[in-house]
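See the structures that follow.
Common to both upcoming complexes is chain A, partnered first by chain B, then by chain C.
Let's turn to the complex of A and B:
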């Protein structure tokens, strides 16, 4: 019995010792490999950085002629550099990658069974801005792994080919959709040529798709779509989409947006929509929205009045003058009624006071210090 | 020969910028974090500072404010080199005392032009 026990203990100790030795050996081999790789990469990396700093003036042939082992050691670092540079330096680096066949290999890897390889390949093709890869990257928008889809979207944005717009929009309408904000920014990266596609997608049956397209139009500053967005503001069946339409009309900054927005702040509309429209009138940056906003300062809905006051503040001088005028009028009425200016201000004057107080500490151009925030001091000032 | 203090924690960007400026006829002194930058600024009396925003130990904005508060670097041009491109970030950089702002990804050639322009304005 004792002998069996002793043998078992010895065997266990041997297993533990061998496992420990195995771990140490693996680590040593890995470190040695890393050192060798770093040594191999050092020369090409220096040459590559010098080549980039010179905007590819010379040294390109040497980099293309590097042995595969040395190039592979430096490739990961060089790929990282792609995202940090632009202009001639970026173009020079891209040319080296293309001549070394990196894009061809990445195109092959887009169909790899490994999701890591597919994602890495998509990233490389995006960084290299390979337009030829757009159809294959669009195919990855329906990849079963979310991480691969996200990398594919980013790559498409980086390449900036407007033909990808429809596929991106369609990718929003699937059971496990991509993040809206990511798709919005990517659609905007595709450039003004996507405006037609985005406008057409405002008829999409999915509300989320319509909202993303509205945001993308706003980011693009697609002033030609004002009438189309205004129609969504008036007619869309989903409140959130109408709110997105109001917000983006403000971003588009066109005078033609004033009429639909002043219509949207009118009574009878849902309060969140009226508040968004009031805010958008401030974003438009034109004094033509001032009368509608002043009329909203006494609104029963706190959010609407609040947004109107701050929209006037953001309009600069004409908005601030209108806010002061509201206070002056109220002070004059109080004095005429024999109540003095110590009386509690009305809701409209309260919102005007708050906005003017913020203007005095904010960076708004044209804002002059209105005083400490009481009706008394403002009137006196 | 003008001395440029290059403060950047990314070794690749540091190498590219340093190589470019050295070839352009400048003397380049490097620092990899904010504290080292302040030490180098005191020792090497740079004619211009290129400053990354996101760095270990001290942010570029803190370094910028500190440089502006010191008499020997109060008027030295400071170019921020950063991946943060929001208007708010740009405003913060100028409020901290930056002279110019270059967003990553950047063009080394454009950065060199900005350096020359900033130094030219000081000389002018």
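Let's turn to the complex of A and C:
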């Protein structure tokens, strides 16, 4: 038995020593590689910066003629620059990438067996906004690896080809679906031409698809879809979808949204929907929503009353006047009842007080400064 | 004769236990290594910038409980207000500080009192005295003053006042990397339907240079006691938790830096008042709740970037911290004992919690038992000297190997310590850990667990801070904790 121990000790010592040496070796190799890469990248980086500073007027040929090793050392930085550039400089840098064959290689890599290579290729094609790659990127929306699918969605968003909208929507309805927020953002990036597709998808049987399309319509500011979104708010069977409809009616900012939103805050509706609709009434930015919001200030549900008060605050002067009027009325009632204005405010007055106070300390104060928070001081203010 | 035989068998059992314990660590560390490799290969196309630019990125409420943090609170908040994240608010809960925590905040951020309606969505036991917001930017910074009620109570008040769908709990003395919030919230954007909570790694800030609320130069601490903790944090927190995350069995998210879905935290009743390990307890309760409802969910851990925190540099404070931590483990395992070994709770019930019982809760007891029984065996001749020294060498040698593998993986993946001297100090700390540190740690942990089982009152004690090496106003004096 002692022999087993002895052998184990020898083996352990050997592995410990090897691990220690491994740590040193890893550091040495990394440092050497970093030095070499920095050396190789220094020249191309200077040329790259001069090229984009000059809006791509001069130096493109030199960049295309760079040896592969030097270009590879600077490529990550160049790709990073792409996201920060606009206009001529962006187009010129893209042309350098295309002339160097980066897009061709990336298109090839989209069919690589390695998921990392497929994802990297999709990222590059998105950065270069290669429209030719859209069908292949759409194919990657059903890739067996989630991370490849995610990168393909982002790439499609950067390219902004509206023909990809249906494929993106369809990708939401699969067993391992894509992140909703990502698809929503991408659908919005595809531009206003997708409005018809998104509007049609509001009848999709899958609730998640309907919610994503509502959010995308909201981001696009698709005012032409207000009636369809309002119908979803009234009739959809899924609460989360109705909440999304309410929120996006607020984003769309059309006056025609007042009636469905006012209906949604009514009693008997679920509290999260009423809170979302109250918030949306504030987002609309029109004083027509004030009476409905004032009625919610005393609601038993904290979130509903809270959202109503802050929606009134965001509405500016008409909302703030309404909040003050609530406090005035309560103060008058208290005086009439002989309780004095220092009495504990009601729930409605409490929420009104909170919203008014926040309005007074914001960057653009729309209300008088708060006192120590007593009802009489605020009413007087 | 019988005693000798019993001792002999016990010594062998202890030896087998050490081998199993270190093998468990090694497996977790290897899993972490695989995860880091995956993370690094994917970093170029992970989409952090897209998340930063997206209007749909979920907003976060950062909750900062503070008790007598006057020395460093302003700098910590300045750093937090400069985080790279599209939309977030900071809710500082001053838990009845007796120092100038609030005054410093009021002066620096031009706070004004506002009457806020504080909902009771999660229970809190104390009284909210006042709510303040920053003039000119009321949406971003809220400071709540309340009577003292402990960290859980302060966090619950913060959760009640949080307006955003994600709540991130951060210690007031933590220094966050600029991208920390973006990284720790990213899993919620990638997998919004399933991710319930995400923990971020906490590293030791002692010895590092902090400028403008950012760690700009990472160095090994000056004291060996803290250097040993650096190795321990790497092995147990960075590697261990990443490994558990990969296995789908993460049950600990540090209270110093963790992010949760607010609606779920509200549904399970917020932070528990009856345990000192409230951060881990919240995660176990979350697992309990979601597993009972057969929800498809994930609790994950991200290894980079990080939150930097000051580690105890004296034995007295370290002892108090470790007693508290182990007491927390004992309380949580007792509270959720029905989950242990219960197939209804999947990997949490069948793997993670049993592991915590056998290799976390009991480990210090076995370690101390070995320290007593091995010499006893030698004394009564149940084991011979040849066996004893080989036993000790293999047991501790295996432990050393585990620590070195952690350092190796750190060097391959994040290599946060750029100096050669720090590398050597790290390796030496891994060796020194076995001579005294582990043994005294075991003693503290045993008293911590005994405190939980004996029902003694839990006390946070005072954390005397040394402060970071800084050119600016980070904590240089002492600050306290409950």
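Keep this in mind: the second predicted complex is superposed on the first by the 317 of 381 C-alpha atoms of A that agree within 3 Å, B and C clash if a C-alpha of one lies under 4 Å from a C-alpha of the other, contacts with A are read in each partner's own complex, and residues count from 1 in each chain.
Just so we're on the same page, a residue touches a chain if its C-beta (ideal position, glycine included) is under 8 Å from a C-beta of that chain, and two chains touch if they have at least 3 such contacts.
Small disclaimer: the values here were computed from a predicted structure and weren't measured.
Contact with neither chain B nor chain C is seen for A:203 once the two complexes are overlaid on the shared chain. By the touch criterion defined above, A:83 reaches both chain B and chain C.
In the superposed model, A:173 lies in contact with neither chain B nor chain C. By the touch criterion stated above, A:181 is placed in contact with chain C alone, chain B being left untouched.
Partner contacting the larger number of chain A residues, of chain B and chain C: C. By the document's definition of touching, neither partner reaches A:69: not chain B, not chain C. Judged by the touch definition given at the top, the superposed model places A:53 against chain B, while chain C stays out of reach. Touched by chain B in one complex and by chain C in the other are residues 83, 363 of chain A.
Contact residues of chain B toward chain A in the complex are 10, 12-13, 15-17, 19-20, 23, 91, 104-110. Residues 1-2, 5-6, 8-9, 12-13, 15-16, 19-20, 22-24, 26-27, 30, 76, 83, 116, 119-120, 122-123, 147, 150-151, 154, 179-182, 184-185, 215, 219, 302-303, 305-306, 347, 350-351, 353-354, 357-358, 361-363, 370, 372-373 of chain A are the ones touching chain C in the complex.
Across the complex, chain A is touched by residues 41-42, 44-45, 47, 49-50, 54-58, 112-117, 119, 121, 133, 135-139, 189-193, 386-387, 390-391, 393-394, 397-398, 400-401, 404-405, 407-408, 411-412, 415, 420, 423, 427 of chain C. Across the complex, chain B is touched by residues 46, 49-50, 52-55, 77, 80-81, 83-90, 363 of chain A.
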